[in-house]
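Both of the next two complexes hold chain A, though its partner changes from chain B to chain C.
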Partner chain A sequence: MSYYLGLAQLIGIHTLLGLSAYVLMLTGQLSLGQAGFFAIGAYCAGILTVIFELHIVPALLIAALLAAFFAFLVGFPALRVKGLMLVVATIAFGEFVRLFFFNLSWRVPRDGIHVGPDSTNGFREIRYFVANGWSAWEITLFVWTFVLLVMAALWWTDRSRAGAVLRAVGEDELAAQSVGLSLTTVKVTAMTAGGFIAGVGGALYAHTATYVDHLTFTVLLATFAISYPILGGLSSVFGTLVAVIFIQGVLVEGLRFMGDWRSIVFGLLIVVAMNLKPSGLFDARTARLLRRAVGLRGGEKSRA
Partner chain B sequence: MSDFWFEFVEITQTIGDGLFFGATYALIGIGFTLIFGAMGKLNMTYAAASLAGAYAGLAAFAFVDAPAPVVFLISALASGVLGFVAYLTCFRFIPINNHLAALMASIGGLFFIDEMVVHATDGSPLTFPALFDDVMFDVGPYGVRGDLLFVLAMCVAGTLALLYVLYRTRLGLATRAVSQQDVAAQLCGIDVHRTNATTFVLAGLLGGIAGAMTASAVGVLSPLITVPLTVKGLIVTVIGGLGSIPGAIAAGLLVGGFENFFLYFRGVNERDMYVLLLLFIFLVFRPQGIFGSGADRD
Partner chain C sequence: MSKFKLATIVTALAVAASILALGQPAAAADRTVKIAGWGAKSGPLRSFGVNSEAVLKAAVKSINDSGGVKLGDGTMAKMEFTYYDSACNADQAISVVRKVESQTEALIGIGPTCSGAAAAMYGIFQKKVDDAADTGLQFPILTDTAIRPGLAKKSQWTFRNVPNEITMYDEMFKWLRGRYPDVKTIYGGTETDQAHSRITFAAVIVPMAKKHGFEWVGGGIKEVTGKVAGGMKQVLEVSKSSNWLLADTSFSVQARAFKRSGADMMIVSSHPFTTCGMLKEMRRQRIKPKVLVGLTSSSSAETLKGCGAAAEGMYIPTGFAPITEAAAKVAAAAEANGGAADLHSAAAWENAHIIKQVVEATGVMAKPDTLKADRRKVRDGLEALAKVDGLMGEIGRVQDEGESIKPYVFVQGQSNAWKVVHDPR
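Presenting the complex of A and B:
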């Protein structure tokens, strides 16, 4: 059972990671730096609960705000460039964050041993859940509370004017600008929101894994982050969730018998998927077909 | 005074070595920039394919004891073939205006190639034959490493060959036509797909040389250098100005010198952070790059 709970936690955390890229992609920006914000959230929350002995909820919120702040900072220079240049800029940011934590050593004595990030050896003592006697069920519930909160917030945003604004910028920047939208405001806001969500995901990840090191936050993780919304399509937040379940639950876990060859399949899958369905596996058309197949039940209205 | 002089020679020597090594970054940057110029897309498989080419050359060296020129030739050819495959799988059948899908597919290709290499070599680093590493020229107080000089010479030769193809042959004319205006080129009877494929092969050949040069200058070939090399190549491309070949050369040398300077002062763990900072400085103050025209860059 604990295996399935662990998987559920992983899916929840990766959903947050995917949603952080989803918000950006609504405005037409592709960021390969989400692993960087995730890392900031993970390390910051870990430092707060381990070194400053904070409760997990404030630690998590502070970590997410810090990640959001950095996303805000990255947003401005990165927005002077568009499209593919933004991809390069965000890859560079993600690598910069990774190298920063690779070099970060902040050890403090606690109960006779030293705890804290230990540069190349990673950050090993994030044992908040164990120390406070949380059961696996409670941890899973905790993770999914945040996942559902974020999903509900995004779902609601999508149905409000703000969602229309985000999508307008994503569809056609020139048209959005000519109806009086400020591109910078919209994009930086999306970037900041994405950073916040990734920060929450990272904070939860650090505490469920109890151990993080710089190798967790590579370009591969950033690729996972953007591949969820790309595979799931941008029609709603549920696409991302479905894609995470598909990749983490079915592919990564289901192909365990293939051993190390799984990671080859991941690369191949992306190539094949992009050739067959360049605008996402669950794009608007597929979603409509699916809805028709299940008999048009449920509230998901098709977007014009 | 003599202490200062010694320090000065040491630092300039380090920067000089970096400039020489930067020639390989310049080659990788040229490859990215060439494809960006032709299609307006980033081929993320490029650095991985270049290193895979070097692995093919290494295999020739290990199994049949091929001489150095053959090793380089095989590296270049293998990487050229991979370039063609990358074009077919990640660009050819994806709608031309869907940049993100092509980018995503090529990232998939990057991990695919990388994993294949990891599996073929069990992920362990392999030694690559160094060339002229026992040769040392003395120029005043400085020493010029023979292997780095060879790297520079090969990179210059590769770049000159590329410039010859681009500016003196019909093929190059077609490539430049497609990169300027693909619809107009098509109306003139140029087969856009074939020209793009040729660009990928050309870039791949160059990349194979760069990969083998990198491996021979470092001395080892390891899957661990794929992502850093990709990132450095992208940084060089952006700093030089997307689509600009002279820019890529200048930026490659700049990054090489810059990184060795910080290697000397801050050590190997922090070196790359400063290179990334250099990129951000460029993004903030000169986003169009050294030689970029700026106005029409997307």
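Presenting the complex of A and C:
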């Protein structure tokens, strides 16, 4: 059972990573810096529970706020660029963060050993969960509490005026500006919210994996972050969840039995999925069909 | 057929296949000794996993051909293994070990390839046996490849059978001191984003060279024998213009720094992929040190395939060379299975035989209802081992740390092969 629970934890954490990119993509921004915010959350929360021996909840919230703060700072210069330029700028930020942690060494003695980030050796002993007797069920429940909270918040936002504002900016910046929307406020807010969510994900990741190093937060992770909402579709938050289950559950884990062929089939299935469902695995049409299937009336029209 | 239906069918098939794969039920109650291996079979370090699997396959076959494993009730059981791809990735290594522990009847795991993945994976294990407050995984591991110093002591469930680099380089520089009395100065570089390369370079190779009287060009390193981190910092500081990263493809600046140093002895501390890039660039710039030293992980077939000519003359200490009858047999068997035996993968052979020895010594029953107790017996048996027979001779065990003390030799690149030039066994 611990395998399925571990997988559920991983899916939950990657869902948060994907949702952090989803918020930004609603405003038409594509960021490859999410791995950087994820790293800030991971290292900060790890430092707080390991070195300062804080409880996981405040540690996680402080880490997420710190990641959000950096996202806020990144948000302003990011306003000056868009499209591929923003991608390049955010890659640079992600690499900056990664290399910062690559060089960070801050170790303190604890119970006869030294703990804390140790440069290229990575950050070991982030064992809050297992050292405090948390079962795999409890850890999974804890992770998914945050996933569901974030999903609920985004789902609610999407149905509120705030969601309409985000999508308006994403659809047409000029039109949005002409009706009085402040692009600066909207984009920086989305960037900050994305940073917060990535920070939560990173904090949870560090504590479920018990170890992080700079190689965890490469451009590959950032690519996964934007792949989830792209593959899942932007019509709802559930698209990202569906994409994470598809990639992490089906492709990465489910195809492991294929050995050497796994990587090839992995890529092939992504291409097939994107061709069959160009608007995302969970596009508006799928959502409508599902609503119909479960007997819900009044399916909304496509917003994809 | 509409696109939606087609998509639904494709998705359903993929999900069904994955569920089948994910939920492999525990096999029927046959009496086999099951072990699981995992490592990098995809990504840039793929060859490491391929080699380990090839050697493990040969080891299991040899055990079964000689009758199998004797269980606690006297039954002779066959040994079975399954090998998983965990790439060089912490998430995947954790996922695989959880899967093996909870979804299979494997008594023990052998893996992973990368030290970073091992460091992460070891972290989810119970630290101290019988600590009820620690809910970490309780499953024995005997790692064959991940070599970064000091990892196994993270948990009492984790063991390794990897060479001790500190001893090997200490002895090699002592030997080189005697062999090359005119060599005074050293210079070198490492791939700084790979912990094993970097730490071994800064905390093992350079300090050991200094210990035996070799001086860094310009004397920039004052003290490296005290606090490890302090020494490492100094070494990395003086070598900053000659270091590189795993993904680098251009080494002209680093090679130029090597050339400018004019050192008698040069050190290339990296894995085969960038070692070859650096050595080829050194050759292009006609850099010919009196002595060339490499990282243990580069004493492999990959280096010879990639840059055999450029590696001519390079000295490396290694825990494996086909110089005994048993080692030669393993090298041939690995080749027959599509892999190569080297200091990393050859340990998989030893591990399979260590497991056989432990299973027979501890009375493992290999029944589904004794799985948990059997795993504990295997762990206890591994901890109790003081020494075992290896391919190159006797392997000592550092019992409280779960580590090994393996015999070693010094090899040199000669005519596109690793030739043993000194055998201190």
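In this section, the second predicted complex is superposed on the first by the 257 of 304 C-alpha atoms of A that agree within 3 Å, B and C clash if a C-alpha of one lies under 4 Å from a C-alpha of the other, contacts with A are read in each partner's own complex, and residues count from 1 in each chain.
Note that in this section contacts are C-beta pairs under 8 Å (C-beta built on N, C-alpha and C of every residue); 3 or more make two chains touch, one makes a residue touch a chain.
Since the structure is predicted, the reported quantities are computational estimates derived from the model, not experimental observations.
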item	value
Partner chain in contact with A:E125 - chain B first, chain C second, else both or neither	second
Which of chain B and chain C A:S135 touches, first, second, both or neither	second
First (chain B), second (chain C), both or neither touched by A:G6	second
Touched partner set for A:V271, first chain B, second chain C, both or neither	first
Which superposed partner A:F52 touches (first chain B, second chain C, both, neither)	neither
Which superposed partner A:Y211 touches (first chain B, second chain C, both, neither)	second
Which superposed partner A:F257 touches (first chain B, second chain C, both, neither)	second
Which superposed partner A:W156 touches (first chain B, second chain C, both, neither)	neither
First (chain B), second (chain C), both or neither touched by A:F102	both
Set of chain A residues, in rising order, touched by both chain B and chain C	102, 120, 260, 263, 269
Chain B residues touching chain A - in the complex, by the definition given at the top	36, 40-42, 89-90, 93-95, 98-105, 107-116, 119, 227, 230-231, 234-235, 237-238, 242, 269-270, 272-273, 276-277, 279-280, 283-284, 287, 297-298
Chain A residues touching chain C - in the complex, by the definition given at the top	1-4, 6-7, 10, 102, 105, 120-122, 124-127, 129-136, 209-216, 246, 249-250, 252-257, 259-260, 262-263, 269, 272-273, 276-277, 281, 285-286, 289
Contacting residues of chain A [partner chain B, same complex]	30, 77-78, 80-85, 87-89, 91-93, 95-96, 99-100, 102-103, 119-120, 218-220, 223, 226-227, 230, 260-261, 263-264, 266-271, 274-275, 278-279
Chain A partner contacts - residues on chain C that touch it in the complex	3-4, 6-7, 10-11, 14-15, 17-19, 21-22, 24, 41-42, 83-85, 90-92, 94-96, 98-99, 101-103, 116, 119-120, 123-124, 126-127, 132-137, 148, 154, 192-195, 198-199, 229
